[in-house]
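The next part holds the structures, each set out as structure tokens.
The two complexes that follow have subunit A in common; it is paired with subunit B in the first and with subunit C in the second.
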Partner chain A sequence: MADPMKIRAQMKGDICDIKILMSHPMETGQRKDSDGKVVPAHFIQSLSVDLNGKTVISGQTGTSISRNPVFGFKVKGAKAGDKVTVNWLDNKGDKRTDEATVS
Partner chain B sequence: MDLIRRNVLRSAGTGGALAAMLAAGILKPTAVLAAEWNKNAFEAKDSAGAVKALGAANAGDNKDLSMTAPEIAENGAVVPIEVVSKIPGTTSISILVDKNPFPLSASFDFAEGGVPEVAVRLKLSQTSLVKAIAKTADGKFYTVQKEVKVTVGGCGG
Partner chain C sequence: MKQSIAVAATLAMVIGGFCSQAVAKDTRSAAAVAAAPTPAAKDAATAEFDKFREVMEDSNPAELFEAKGEDLWQTRRGPKSAALADSCDLGLGIGVVKGAYVQMPRYFADAGKVMDAERRIVWCMIEKQGFSAEELFRTPFANENFTPEPTSLVTYVAGASRNLKIAVPIDEPHVQDVYRLGREVFSFRAGPYDFACATCHGEDGKRIRMQQLPNLAKKEEAIRAYQGWPGYRMTGGFMLTQQWRMNDCFRQQRFPEPRYLSDTVTSLLTYLTANANGNVYKGPGIKR
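Right after this comes the complex of A and B.
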């Protein structure tokens, strides 16, 4: 199981600013280790951001996303106290779900 | 007369079955969304192929679609890119790095409530054009691109 995500959801005016830091190696499958063997690809393929249980943003990602990915999103219609849930799923079937409260 | 009545009943029946499946959680909308990783587009080895797989070959310019990217990235492993679409009815934004082994980097869909703006950090293997493609609800595509110079590549390491 991967490490928890860090999620910050903050109201800025009537827009909720969501910053997500995921902990993931994001191996491209192009890199070789010290023995010259190719390190198999291991990367997040999909993610979703839910506001109070309803998906507002969903994404698909490839190997070009940096290691320990950081995403910044904006959501309308949120208010302080609302629940933001973020899910991701990688190409090996690992997944993680974390929650944060809008402040 | 009877035939029409039967057809109406039948279509109501299938609609009802779909609703029942949704209610039972067999067809969870979010799960379906997450499962559809666009393999063709993400595994395309050149930018043109990825754009084609997205269906965005005829994307036009639009001044309401903008991208913020550094002109020179000292570290190709972490290049911050921000894409903002002010085009009304934007439903998705995709980001491509032309010269990466697999150009398509990410693709985001925005449902009601999601503002079509996204900030990501990308790996760039070498100096390359970075492209953003926005799709609107009426099926039109728009694109914007910017060159990012890389002094140290993000791959191999």
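Right after this comes the complex of A and C.
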């Protein structure tokens, strides 16, 4: 099981600013280890952000994204107290879901 | 304040000294002074770095390591199945984390030594949790594939001192001795380059390429070496601590690298941190 995400969701005027920090190696499959063996690709391939159960953002991600990635989104129509749920799924089938409350 | 964030990451080496001035004056040549870029160019470049760092600090992956470290701190682990939260005294009482980082290095009577944060945490892991010293010393620093547990723990403990004033108990006699030792180490010229920390960090206005080098004997500049550590290195994506930073300073000077958690490194950290006393620490940072 992967380490938890850090999610921050704050209202700035009528826009909700969501920041997500993920803990993931994001291996590209291009790198070799000290023995010269290729390190197998291991990366987050899809992520979605739900607001009160309704998906507001979903997308596919790939190996061009850094290790321990940071994502930032701006969402309209949220209010303080709303529940933000973030899901990701990686190419090895590992996944993670974390929640935060809009403040 | 903004300035102190900014400069932390541009630091290549650490530490500055009193005795250094005499040494530095001998070595400073007229050519070196003439070759320095114009102040205007320097300021513009520094300002760009500042902006970049401000954006990055807003979402620092170091927070992930803080979370991991907190978990390690709270959990009962090791052969003695003890939690550091119930057994480890960082100087402010057993289990007290808030403010401990900015008040170390300090003297610990139970260990009979002055210890910096990482050294103390590892001491607790060995003494209180029963972890093997040999194991912990084998791979002390992080790389792309591995983060040592002490690194996460240090990040957590450092995070608990965010926005607090640095206050090394410099009046304590043991700390004072180690501080003096640190000042000696700082100015000790040796190695194939006949280098000392003070060669670069004992004088105002020095730089290596784009990096402005702080004069670490001064309070307002010593903070630049302290700020931003432990730091998340974006190249590679891993956490590094001040212990690593000191080791790397020795490597860069082509000195033999000190043993992990050695007295030498603690003395340098004592000198550096005590010189920065009174400044506000901004928590774990982010580095290129």
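Methods note: the second predicted complex is superposed on the first by the 103 of 103 C-alpha atoms of A that agree within 3 Å, B and C clash if a C-alpha of one lies under 4 Å from a C-alpha of the other, contacts with A are read in each partner's own complex, and residues count from 1 in each chain.
Everything that follows uses one rule, which is that a residue touches a chain if its C-beta (ideal position, glycine included) is under 8 Å from a C-beta of that chain, and two chains touch if they have at least 3 such contacts.
None of these values were measured; they are calculated from a predicted model.
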Tell me which partner A:3 touches in the superposition: subunit B (first), subunit C (second), both or neither.
-> second
Partner chain(s) touched by A:66 [first = subunit B, second = subunit C, both, neither] = both
If you stack the two complexes on chain A, which partner ends up touching A:74: first (subunit B), second (subunit C), both, or neither?
-> first
For subunit A, which side has the bigger count of touched residues, subunit B or subunit C?
-> B
Pick one for A:40: touches subunit B only (first), subunit C only (second), both, or neither.
-> neither
Check whether A:21 is in contact with subunit B, with subunit C, with both or with neither, and answer first, second, both or neither.
-> second
Which subunit A residues come up in both lists, the one for subunit B and the one for subunit C?
-> 26, 31, 66-67, 70, 72
Which residues of subunit B touch subunit A in their complex?
-> 29-30, 33-38, 42, 77-79, 82, 97, 100-115, 117-124, 154-157
Within the complex, subunit C is touched by subunit A residues 3-4, 6, 19, 21-23, 26, 31, 33, 66-68, 70, 72
Which residues of subunit C touch subunit A in their complex?
-> 58-59, 61, 63-64, 67-68, 144-145, 232, 234, 236-237
Counting only contacts in the complex, subunit A reaches subunit B at residues 15, 26, 28, 30-32, 45-46, 48-51, 54-67, 69-78, 87, 89
